[in-house]
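Chains: A, B, C and D, in written order; residue numbering restarts at 1 for each.
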Amino acid sequence: MDIGSRFDAPEFAALRERAARVRLLTCDVDGVLTDGRIYFNDEGIESRAFHASDGLGIKLLLRAGIEVAWITGSHAAAIEHRAKMLGVKHIIRDALDKITPWRMLRQELGFDAQSCAHIGDDLPDLPLLAASGLAVTVPNAPSTLRAAAHYVTETAGGLGAVRELCDLIFVAQNIDFDATMEKSA
Amino acid sequence: MDIGSRFDAPEFAALRERAARVRLLTCDVDGVLTDGRIYFNDEGIESRAFHASDGLGIKLLLRAGIEVAWITGSHAAAIEHRAKMLGVKHIIRDALDKITPWRMLRQELGFDAQSCAHIGDDLPDLPLLAASGLAVTVPNAPSTLRAAAHYVTETAGGLGAVRELCDLIFVAQNIDFDATMEKSA
Amino acid sequence: MDIGSRFDAPEFAALRERAARVRLLTCDVDGVLTDGRIYFNDEGIESRAFHASDGLGIKLLLRAGIEVAWITGSHAAAIEHRAKMLGVKHIIRDALDKITPWRMLRQELGFDAQSCAHIGDDLPDLPLLAASGLAVTVPNAPSTLRAAAHYVTETAGGLGAVRELCDLIFVAQNIDFDATMEKSA
Amino acid sequence: MDIGSRFDAPEFAALRERAARVRLLTCDVDGVLTDGRIYFNDEGIESRAFHASDGLGIKLLLRAGIEVAWITGSHAAAIEHRAKMLGVKHIIRDALDKITPWRMLRQELGFDAQSCAHIGDDLPDLPLLAASGLAVTVPNAPSTLRAAAHYVTETAGGLGAVRELCDLIFVAQNIDFDATMEKSA
């Protein structure tokens, strides 16, 4: 199945080259897998809104054999609920410093930094953007983040930004959707 | 009552012809009846936001004798709660493959594929778009979906896209609103 | 306090005349006091999002002695919770037909139709728009509604559309904000 | 770390001067720290959506030794939950009149009005905007508010407006992000 991607265009050649090497995708949560909103109710329970199209992208990525990890400064249990539903096994919460757990995860999985992609939207993500082979951020990120990224998504965080990155990886690695979808069924 | 529809315009003649044959409308849920956001709270409970104007459109469609079914890959109970409130009796959840249950439903109800409309927003909907007499998607769907659809709604998913499709069917089938609204009261 | 309103402009003279007569404001709920989204969780509990600026407008209207009523086809208890918090005493739920309870309320309060304003966004509101001295709808309402209204708000439903209508009434009736705010404190 | 701010531009010189004096930031809640939506469920429980980027801005401000207080007309417990999570100690709820508790807080902390910044979006915030050394509001505030403010944020309330104000203060006071982030870790 042709996903008909804009990433096929010649201008994305260098980006596709970076994406072709990706074996591990790490994602920030608030502002990336969500639109940054954290809902509090009067009983102190938090909610977050994840997007269905990010979910399908991540599931297909996992089926294609690419590792996915979420690294967040938050402690919220909702994040773990969503991750488990998608089959994401590596969830690092309470990460005020993100680079140390990221290095440990890379060593555990045996990937060098050039095989890693990171998508993040705020200052704590800067060290990971600087270190990763493919560094991605979202349109409303601070300018320092956008300057440090190889690519800024067209889609806003929480509305499919991660899916856009998944599509780039699918195109760059010639991953066949029909086959992966059957495996996922 | 004249619903004053843009679908009266000559450019929509071929589309109205397709819509005139519709006896069964099948709807994807996430991204179509919702804007794709899935809310998770810290206790693992999911929420989804359905739109009131879609709800009225579906109720009027049912009153006019057109069948409505929802087909979703999700398992969420919230979907069943909303469907029941609107009087939608056919709810197919956990449908990773959508074409098999769709064929079974068609046979059960006795409709051929030309009498069916489907609205969906992501890759699992492609087979249904290809098979249905009227294939509809939403503006932010992947390009493959938009290429496969007879019509892309102006309204985004979750904000009235399904109502827009209902309006097309009302116009194409000359359904009188006042009469159906009285029956619905 | 000058609320610095655009409704001071000459083009709004006829509209101000209608607004000057308003003694009773009736509001549809879904799509007007909310953006039309109805949140369902997996336990079947519904939520709706009301806007703080509508809330302040309604509280000031009540302090200025103008009656406010909500008329909705919905049964949801959340609507009653929000209405009570704002001091709105007239809440008509489950109103599939809105004109009969509206007439009863008018008689109970002793207002003629020219003293009434209604704001609504969908087909069940049409009879009230046709009957009310000041008929208002929101930008994304069906074209029949917009054709029937004396004014279409600039602000979308659920984001302050009702407050915009309150501001029109304040300007038309020369209501002094400082005084009403002190009374409301 | 250079936060690469637009507030470095010469046109913001007078604004930076005001921001350089800020020792206390007071924030309205609904419409400023949220987008104004108040979610009610059928059990009467309220929710509000705070933004992660505002949260990081406030935490860094506190680490840099600047006091932060929230002043709101609301009674909602959710506000206290979010404030505590960020380390905001001064929370004034049920404040229909905001100027009296603001003066008491200033005296308690020993700051004059010129050392105070306030960000608010509706009529009850006007007295604080008039009194504060740095008065800020959001794009969709009433025109009276915008006229009274020294600065109107580019970002909407609830989507990072408070973070934008934090960034202005960081630039004006030459606060070093790396250092404050390490202290916050």
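Operating definition for what follows: a residue touches a chain if its C-beta (ideal position, glycine included) is under 8 Å from a C-beta of that chain, and two chains touch if they have at least 3 such contacts.
These figures come from a predicted structure and were not determined experimentally.
Simply put, chain C must spin 90° to overlay its Cα atoms on chain D, rounded in steps of 5.
Note on chain placement: the centre of chain A and the centre of chain B lie 31 Å apart, centres being C-alpha means.
Centre-to-centre separation between chain B and chain D, using Cα means, comes to 43 Å. Taken residue by residue, chain D touches two or more other chains at 39, 47, whereas all remaining positions touch fewer. Chain contacts here close into one cycle, and each chain has exactly two touching partners.
Only residues 30-31, 34, 36-44, 47, 74, 96-97, 121-124, 126, 140, 142-144, 147 of chain A touch chain D when the two sit together in their complex. For chain B in complex with chain C, the touching residues are 1-6, 39, 45-53, 55-56, 76-79, 81-82, 158-160, 167, 177, 181, 184-185.
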